[in-house]
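The structures come next, written out as structure tokens.
Each of the next two complexes has subunit A plus one more chain, namely subunit B in the first and subunit C in the second.
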Partner chain A sequence: MTTDTPARVTETGPRALARQRRRRSVVRFWTRYRTHRAGLAGLAALILFALVALTAPLTVGSDVAGVTDAPGQPMESPSGAFPLGTDRFGRNLLGLLVWGSRISLLVGLLAAVLSVTIGTLVGITAGHFKGAYATVLMRVTDWFLVMPTLVLAIALATVMSRSLGTVVLAIGVTTWPTTARLVRAQTLAVESRPYIERAKALGGGHWHIMSRHVLPNVMPLVLAQATLGISTAILAEATLAFLGLGDPTVVSWGGLLQEAREAGAVSSGDWWYLVPPGIAIAAVALAFTLCGRAVESVLNPRLEVDR
Partner chain B sequence: MSTQVHGRGLSGPRRSGPRAGRLVAAAGAAALVFSAGLATPLDPAPRRAAAAEGDSVLTVAVAQSVDSLSPFLAQRLVSTSIHRLMYEYLTNYDPKDNHAVPGLATRWESSPDKLTWTYTIRSDSKWSDGQQATAQDAAWTFNKMMTDEGAATANGSFVGNFEKVTAPSPTQLVIQLKKPQATMTALDVPIVPKHVWEKVGDFSKFNNDKSFPVVGNGPFVLTDYKPDSYVRLKPNKDFWRGAPKFDELVVRYYKDQDAAVAALRKGEVSFVAGSPSLTPAQAASLKNEKNIRVNDAPGRRFYALATNPGAKAKNGQKFGDGDPSLLDARVRHALFQAVDRKTVIDKVFQGHAVEGQGYIPPRFSQYFWKPSASQELAYDPEKAGRLLDQAGYKKNSAGKRLGKDGKPITYRVLCHATDPNDKAVGQYLTEWWGELGIGVTLDCLDNVTDPWLAGTYDLAFDGWSVNPDPDFVLSIHTCAALPATPKVTGATDNFVCDKRYDDLYARQLAEYDPAKRATIVKQMESRLYDLGYMNVMAYPNAVEAYRTDQIKSIRTMPSAAGNIYGQDGYWSWWSAVPAASDGSSDDSGSTGIVIGGVVLAVILVGAGGFVALRRRSTADDRE
Partner chain C sequence: MSSAQKTAAPVLAGPAVRARTPRARTTAAYVRYGAGKLGGAAVSLLAVLVTGFFLFRLIPGDPVKTMTGGRPVSAEQLASYRREFGLDLPLWQQFTDYCGKALTGDLGTSYQFRAPVVDKISEALPNTLLLTGTGFVLYTALGILLGTRAAWRNGRLGDRLNTGLALTLFSVPSFWLGLLLIIVFSVGIGPIPGMFPTGGMESGGEEGFAYVIDVAHHLVLPVITLVAVEYGQTLLVTRSALLDEMGSDYLTTARAKGLRDDLVRRRHAVPNALLPTVTLIFVNLGRTVAGVILVETVFSWPGLGGLFYQALSVPDLPLVQGLFLFFAATVIVMNTLADLVYPLLDPRVGR
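On to the complex of A and B.
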């Protein structure tokens, strides 16, 4: 230890210490994450998808979704000009696939964030307050847990107007119970530790306990849950769009599949209309699952020992 | 008879709940999106109706389920088509040129004052239970519809003008009218046996599906029916025109059109009627198939964009919330002038349609009308922009046109979620009208009936099948068709009510001279065109397909280039001749299955790789 370090510590106090600690834990996390080959592959795939989606305005532009000046003839098979053929309007399917990634990823992320936020909120408060409040909340959670998610989401998407927000909401409010259950269990475990009792004795209120002590401890769990949730949400978005519950004017992967089915591409064998968006959905969902599992096992080493 | 395909009411329930339910059931992990799409072709589809060995069975795949088997209630095309087969009507239409030919009546004549019609009923038509079909049955059918409101549900419009119907003798039917009516040889009303139907209590509830076979005198006798599944008919051996050639006719309901096409490829069905027609991709791929013939015929439908003219009831009460700017004819014309009908034909229908002009499709040549060059609302977006400027709807700095209330105009366009054409054309409209500075919200709903009847839309996709006698499709735009109060349902299509149109309508109905009547009908079409509430974009073709190794020959209507399913008559199924050897070519090379297999394989490989990776990683970690 160099001589000027103690001086700095005294200067900036606990903040620098915390930063150091965080940096160290990030490095530790990464070193452990690196050992998961599947997780690395998933991460690489994710970075690739994210790049494709973020650069889409530069590479294909929003014009690709325009129908009036579509460049090709309807339902052209793959060729040099259109590597993945054209759709029923004569639009370039490769371009649509790239453009559709934005919506699919966006909806997936937003819905997962919404779902995890609701789940965390319910889980922490239920675990912290206990009593009648928790009983009621957990019965509601149970009810959502046994409801078939898709049916509920379809019902919601049907009664509300067709837009992206609706789909996000429909997925978000139907997929939170698992997170809520997990977070509540973790909250109970954390709150039974002696230091929580000490914090209470020192005058820590509900808000302080929940936000300063419980939340940081359940955060890893929430993070892993969110990563896994994204793949579920992307699949759910594709499913809803495929069932015709999405916004028909917005290009998404599920929407492309739905269009392909409506145009009769399945029975006429126009595979280029069906297979690419299908594979894209599967690949992204797989990538998020791989990452999520890796994060989970890094944060919770017991998982691996048990297996 | 309302053979509505697109309009409210009928296409709504065309595909409903059960479909979603089944898909939900199929929902599983990552493969969900695919399995949902491909479940249907992979489904072990119901085998061809189990019939006695060697019997020739004609299986027709339809995309609608039967709403009711009672001729007094049925309104869907599939049900009215089945009624054509079960019961004789007074008259039928010639398959060549649609003129009235004898049905149950052999001759008919009107009195000099045009108010009394006398029909001679044939004496060689027997009900399937052995009793003679007489004028009594016909008189009873009409009288029932005139006196019982429940019996007037489907075809009440035909008898609205009837004063009295009597049967002085078993072979003579006399109908007295209040006012002259030109449609007396086009009464599309199934005549039912009095001795069976007079036992029925509540006509608004009875669906005619309690005892089989159902007594009838048409070319087929209905022997079995399962709701949302199939209708089975046997030929009537004593049919006066001659018995049908097939031993059995099965009308099977397919919720998914791709599934029906896959069934046709495998030979499980003999004929596929589209919903409303096969998609261009399906037609193109079926054309190359052995033993399958695609029938691409000029259709009897029009495909239009209806405008909400401010919904109101007969009592003058206004309801709904249509955009007030649409009450200006210049706005309506401008909107339609920004619609490139040629692109709709080329891209959406891919040539399987004819560009829209007048209200009645060119197939009915005597009534077909097209606008003169000066009258025509040809595609001209710049002129449309000028027209909107003139009407006082100017663009703001952001390029959006402002309504009279100072807010940007956005129209809600009602579209059928079950019709891919609506959604496709809707996307074009969004861009075309966007250029004009007008926003579009596509409201694609499974059930468009509710907003439609409530008048809570601005524009809507609309379409009707036109009968050889155009009276019905003309009548739905008269003031008389408006609902009595906002609470009840009227016969009106989209609340059009125009004095001049109504006067012309009354005149054509009283005109017995076909040529003169046609002239008036054309004037009505011209008036409707100028009003701009019904803008016909296209006349879609009837695109359907059948197996030539099961059906040797079948009569289209009109015979030159006509459709098979949904004819005005029983010609197609009555005339169908079975192919000599019932080719059971079960070619397993169904592309749907191949694709399904490929996609499934990809998923399995992906999942397998994933599992393997995980296995390896955990193994590594253990070491």
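On to the complex of A and C.
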């Protein structure tokens, strides 16, 4: 890269080149992403939710979840003091909703990261080492793919102790196969390119090829999968919590719905107890889905029509 | 999907087969394909059996104590429970016993109901089939219909609305939607009176035709919930499958022949797009099982899903284990059926 300013001259060399190339591709990615209106809306919603969750200790504080000195009467309908009413212990539902976003988002993120990590590991190794290893691995993947995810996750969560770790694990180990399949296909495509042959000829080992050549090339795909995976994970977390398999000591959106049902909010028609957590779950899941689809269609222009 | 690599080599058949008529050859190829699929399914079912066993040995601490739910139980009772569930035997013997029993249809005794797990399952199965079957037919039909419309008018307002609604409903937790429907249509809110029952499958005391009407009345809200959360998937799959076909030359040819747009869609494009859709509908059955568990829980429907919820809130481990095996096996069997039917629909597969 020849440049006209003296400052840029110091930046030449392979690392600087790579950095520049990466920066350019990020800019290119953003320029294309910007054209997806639904993706932008999803991104804006996500930033909003992230801000709410991150600032929750300042805005509501952790004592909002305490049952001992709750500020209101049990099951109050919405009013000026409690915009969303109170729960069966007299706690402020708006505060609980804000506080619960932390757990729901955290579990969703962690579970999606776990799932995508397993999927990427399986996918890359199955694509790189062909033969019996790959066959066995892909059979296992196919088996997990047809298994009813929720049933498996419920079975896992039932036999383990009730904790956030259990929920993350149960969701993570049941949702990885889609990523594994996609990553394997991409790995096969990448490995058939001539530069991999060149790397091998220059003495690059398995680890070098997988981490330096294949991984950066499957990363965009993994990113899209992770974004879509978070929305699945958030829904799964809410479902497990609703079935009473979540951590009973923390507040989450699914847990709020379970409490509402147990408190008889359904038969007494207390819609204000039920509606907000569900809308929050649906909004976050939808936002992640919209972002994931936008990322997918930026990376795979063949899907461009999907917009 | 995985079928392609497996059966791509009919070379093994040799000249003996090649000498026969093409029909015999394709039949032989199909039999080989089917045998491969059935073998794979058998391995998968075995894997489910093994998972079922070891998963429920993962329980930290004493499984008998977990089963009694912390209630005060005497040491003799614990020992008798242990003997009843065969937990005093060495692990390998437990495993062989369990496999032998499971293969002969004995899934143990429910701790909670004091009845054989198989009996509980067969009692609840017809109710689940009624709900799932109705839901499945409706959401598949709706998904395919709306999906083809959306793809054909790709990018226009109708497509955007359809896809947007499907995505939104796809993101809605099914149990929450069910609870809302109960509040609005069963309990009644504002001007809307409670029109439907809040749960269960029958009011009791009805016979003959009145009974059928009563069950149908109870069926409405659960089916609406199931259809609402599941049709989005079928819609999106159909839509993208049809979009893949849209640019194809054969459609241009069909149009050039002067066929009406409607005919091009129904006779040419949709049948081709339906093929991948059929597979994906069956692959996604696992999701439907999840939907059914939640819908049945919310509407207290006396089916397998409701039973699963009852079992895991205790937790009634033999029942959870039995239902786990049953759900997993069903999904595998349905997928295998789809694999077997698929080459009959699409001559390109399995030859």
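A few comments on the model shown:
Quick note on the criterion: the second predicted complex is superposed on the first by the 292 of 307 C-alpha atoms of A that agree within 3 Å, B and C clash if a C-alpha of one lies under 4 Å from a C-alpha of the other, contacts with A are read in each partner's own complex, and residues count from 1 in each chain.
One rule holds for everything that comes next: a residue touches a chain if its C-beta (ideal position, glycine included) is under 8 Å from a C-beta of that chain, and two chains touch if they have at least 3 such contacts.
Predicted model, so just to flag it, every value in this text is computed and none were measured.
When the two structures are aligned on the shared chain, A:A285 is found in touch with subunit B and with subunit C. Of the two partner chains placed by the overlay, only subunit B lies in contact with A:E262; subunit C stays clear of it. By the touch criterion stated above, A:V146 is placed in contact with subunit C alone, subunit B being left untouched.
After overlaying the two complexes on the shared chain, residue contacts for A:M138 are found with subunit C alone; subunit B is out of touch.
With both structures placed on the common chain, the touch criterion links A:P248 to subunit B but leaves subunit C unconnected.
By the document's definition of touching, both partners, subunit B and subunit C, reach A:I154.
In the superposed model, A:F49 lies in contact with neither subunit B nor subunit C.
By the document's definition of touching, both partners, subunit B and subunit C, reach A:L235.
Contact with both subunit B and subunit C is seen for A:L274 once the two complexes are overlaid on the shared chain.
On subunit A, the patch touched by subunit B and the patch touched by subunit C overlap at residues 38, 148, 150-151, 154, 158, 161, 235, 238-239, 242-244, 254, 257, 261, 266-269, 271, 274-275, 278, 281-283, 285-286, 289-290, 307. Every residue of subunit B that touches subunit A in the complex is listed here, in rising order: 20, 23-24, 27, 30, 32-34, 36-38, 41, 257-258, 261-262, 265, 278-282, 284-286, 343, 347-348, 350, 417, 420, 423-424, 426-428, 430-432, 442-444, 446, 590-592, 594-595, 598-599, 602-603, 606, 610, 613-614, 616-618, 620-621. By the touch criterion given at the top, residues 1-2, 40, 43-44, 47-48, 55-56, 58-60, 154-155, 164, 167-168, 170-173, 175-177, 179-180, 182-183, 187-189, 198, 240, 243, 283, 285-287, 289-290, 293-294, 297, 308-309, 312-313, 315, 317, 320-321, 323-324, 327-328, 331-332, 335 of subunit C touch subunit A in their complex.
Subunit A contributes residues 35-39, 41, 66-68, 70, 74-75, 88-90, 148, 150-151, 154, 158, 161-162, 235, 238-239, 242-244, 248-249, 254, 257, 259, 261-271, 274-275, 278-279, 281-283, 285-286, 289-290, 293, 304, 307 to its touches with subunit B in the complex.
Of all residues in subunit A, only 38, 138-139, 142-143, 145-152, 154-156, 158-161, 231, 235, 238-239, 242-245, 254, 257, 260-261, 266-269, 271, 274-275, 277-278, 281-283, 285-286, 289-290, 303, 305-307 touch subunit C in the complex they form.
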